[in-house]
């Protein structure tokens, strides 16, 4: 490597500030060399050091009866009974996906899966959360959508983990910065839970999996922490390529190694590659690690030490093992045709020492690398004038109620997601009790007859309008989705997708959103067990909508009673359950009408919503009701249409519209459910929470009697509009 | 009856196939690197991506050591069921006629389909009520069945076309809506849809069980 | 030596990818393109080129659906 | 005229297909094959070959991860 030491300019180019560079020099007792600077720049990046979010994240509730492993490990875990844990986590791959959507999304799935099996759980499900610009007008957004979905399917399908759910929305502010978040769940024996803290001075550090190439060199600091500019082209050569076949072998190999008890600690190589994995392991174990980069299996022989340390080549794992187990470990790797190499050892020096064929090429205190990165205070300020332009109008207000409902049910944010999830294998592993569009949450059977339920949700527009109340709504919708299948939340994961936190209004959005997540998760007893933060999702045109994405996992005692969203039997009664106070503020209808975002959203009564969720959950568990669906985008009219379409049977209802049928039909708010069941069953439900009889299931049309007016559409008309997204996949 | 389910490093549905087979008998996994078929009465080549399905689906898997034994097993009249990737492997290995090309819709597609059993008189379909449709999920990226016209005619005449898609459900563009075929002797059968994913009401339909029940009848009939 | 195997879908077999490309071109403002066929390009370093015929027929191409053509390149290092 | 575009993974970009094929060959009894790279072969009929450069960059190849090479063929009907 170059004799001459890198200068401040190099540090700045790598994303460090001048002050940070000075601090590095201080910690090192002199200017860092190339390897050292590269490693500091990665570990001190926003992505690794959470410089602008650490203090906020500390305010989240992370404890609860079911929590087995909270934030800090590769994934969180909750107890699901019978000695089993469910590990889960959501992660973003936004910037890589904006640059190369297929590989970006694919490697996003690969990365979150490694987090799951790194703690000893077999991945059992994937969900995706996607945001793009307005696909109807944006050619680029259509391309990103098609490629990202294909990439997610390519990876998940090839590796044999079902993609059981997700969500996707289209809004102008995502045009320059799409969001690709992926969540994964895993199942494993509680007593075999694996942690990443390196332990045992003299133990061997072994890397296994794919060979190391120049993929994503500098990815973490250059891709994940910089605002995307015009010159994305320059960043392109660092695209990582995913190989799901390699990961499949890596997964089976890892699970076998853990099952045989051959591993002391395990860590996947993700963003910042070997650098962050090795340093995290050393830091957690309060030890030092020596690595000789020349022992790392390389794809390109001429790689420099710093390149090897920062490479983001996919499908690699790092483990600590006892010296006498090296042969046994390598034998398992050989069986799965996974290459492996002992590259270093655990020391008591508390130093990271990097060698190249014996020559020392980098030496850094572990503590300086991992703990001494400056943490910044946010300077939150509510914006004085609107941050976001009004969306383009597609309705002018002259429409009839029927035309409005058809427009809504066919709008990209509400239309059937079938063209997406049909590209995903949702059933491999024979666990999937509820597939997409069968219920509001995916349901996965457990060995003992109970089942897991999982849902992922977000609503950037409502959060943009009112970061606190909007985020409350997101967390509540997730729990409502679980209630609809009969599940009680066990734990929550979250992905904070925001703009540049150094800007006061973004700092304010972030602060308010986190406050809401904390309040809602506390009230719902659904503690945060993990998550991910993606900042600087911002372009010249401004920041993305603030997008906290919430993933919630729950448990239902009897898989055979998992709820459905579709109307079931002719003649059953339909009721509105829960405290539902519809408002058109920041609603889907308001968007189609091109209305600017309101200054705030109506207040939310978390307690009342929670009671309704409990009532619906219990009713589903008791088999009291035939269907349950929470009212979300598009209000009660859209929810009724979704129930009718899912059940392929119509309905006739009467709604007390007061003097505003529009608000009554299309107004949105948390806490409302559409349920159908036997009249006496609904009467029973009424003893537990507010229940309003609306009408009856039957026929082949949806009819809403609003007093002054009626709205009637045939299932055929509704279905036709609902299929609108198919056109986006030609 | 004891069935053996092949396991390649990239297999995905091998455990699902084993679970399904265990509803009608014993079922063991057979590692791709071993030649020993452990005296099974029938072999299932499961879905998944065997060796990553690079180049062409099944192209590399057909050369695995275990496939040498399976080929012999089949030549001696042993029952071999290929599901999805297994069907692709059997075609690549020449144990079944034709080939499976990338879907006409150019996408991996997961859909519940209604299969018409056109040939109820095989070791794999004897338990299927004639004329009844089997509701079974299909999920693949390369399921477009192809063979030249002469071959297709021959297959139809000799009753080797075993299952078909409903014409309106033939999303992958298979010629003549063919979803599954057997060899001339009738002991090797491959299909793209996944009967092993239709064996439990909790997770879908139970129509797929018929395929496994048919195999049991064939085997246990042979034993007495 | 360096060699190249060109694998193409047999004539008469539908090539959806090719069709898609052909359809996409006019939208991008490119006229006058037709008969687009998409196949596989395999390039490799091989000691005994005589083996290539067999390797291609057995592995690289499926003769039932694909034709292949072998091109031997001089040993000049690949671009 | 008839033209051919050879699309290959950029140097240094992982080529899982090539790796898989290389690994498989010894098992089939073929030794001495190395550095296998697998790409796409696009053949088409085009009125104005000058457009090919643009067509390749925009549609046939993904410049992020692939290089392409254009070969103009005489108009002789394709084998």
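By letter and in written order, the chains are A, B, C and D; residue numbering begins at 1 in each of them.
We adopt the following convention: a residue touches a chain if its C-beta (ideal position, glycine included) is under 8 Å from a C-beta of that chain, and two chains touch if they have at least 3 such contacts.
If you're wondering where the values come from, they're calculated on a predicted model, not measured in any experiment.
Q: Please state whether B-D or A-D has more C-beta contact pairs across its interface.
A: Greater number of contacting C-beta pairs: A-D.
Q: Averaging over Cα atoms per chain, report the distance between chain C and chain D in Å.
A: Measuring from centre to centre gives 7 Å for this pair.
Q: Roughly how far is chain B from chain D, going centre to centre by Cα mean, in whole Å?
A: Whole-Å distance between the two chain centres: 33.
Q: Can you check how far apart chain A and chain C are, centre to centre, with Cα atoms defining each centre and the answer in Å?
A: Computed from C-alpha means, the inter-chain centre distance equals 40 Å.
Q: As a quick test, compute the distance in whole Å between the mean CA positions of chain A and chain D.
A: 36
Q: Any chance you could list the residues of chain A touching two or more other chains?
A: 243, 245-246, 337
Q: What are the residue numbers in chain B that touch two or more other chains?
A: Chain B, residues with two or more chain partners: 51-52, 54-55, 60, 63.
Q: Which residues does chain C have that touch at least 2 chains other than itself?
A: 40, 59-60
Q: Show me, using the given definition of touch, all chain pairs that touch one another.
A: According to the stated criterion, the contacting chain pairs are A-B, A-D, B-C, B-D, C-D.
Q: Flag every residue of chain B that touches chain D in the complex, lowest number first.
A: Per the touch definition, chain B meets chain D at residues 51-52, 54-55, 60, 63-64.
Q: Which residues of chain C touch chain D in the complex?
A: Against chain D, the touching part of chain C is residues 6-8, 18, 21-22, 24-25, 28, 30-48, 51, 54-55, 58-60, 67, 69, 78-79.
Q: Across the complex, what residues on chain A touch chain B?
A: Those in contact with chain B are residues 150, 153-154, 157-160, 243-246, 248-249, 252, 336-337, 421-433, 445, 559-560, 729.
Q: How about chain D: which of its residues touch chain A in the complex?
A: Chain D reaches chain A through residues 10, 12-14, 16, 19-20, 23, 62-65.
Q: For the complex, which residues does chain B have touching chain A?
A: Contacts found on chain B: 9-13, 15-16, 19, 47-49, 51-54, 107-111, 137, 139, 141, 194, 196-197, 200, 202-204.
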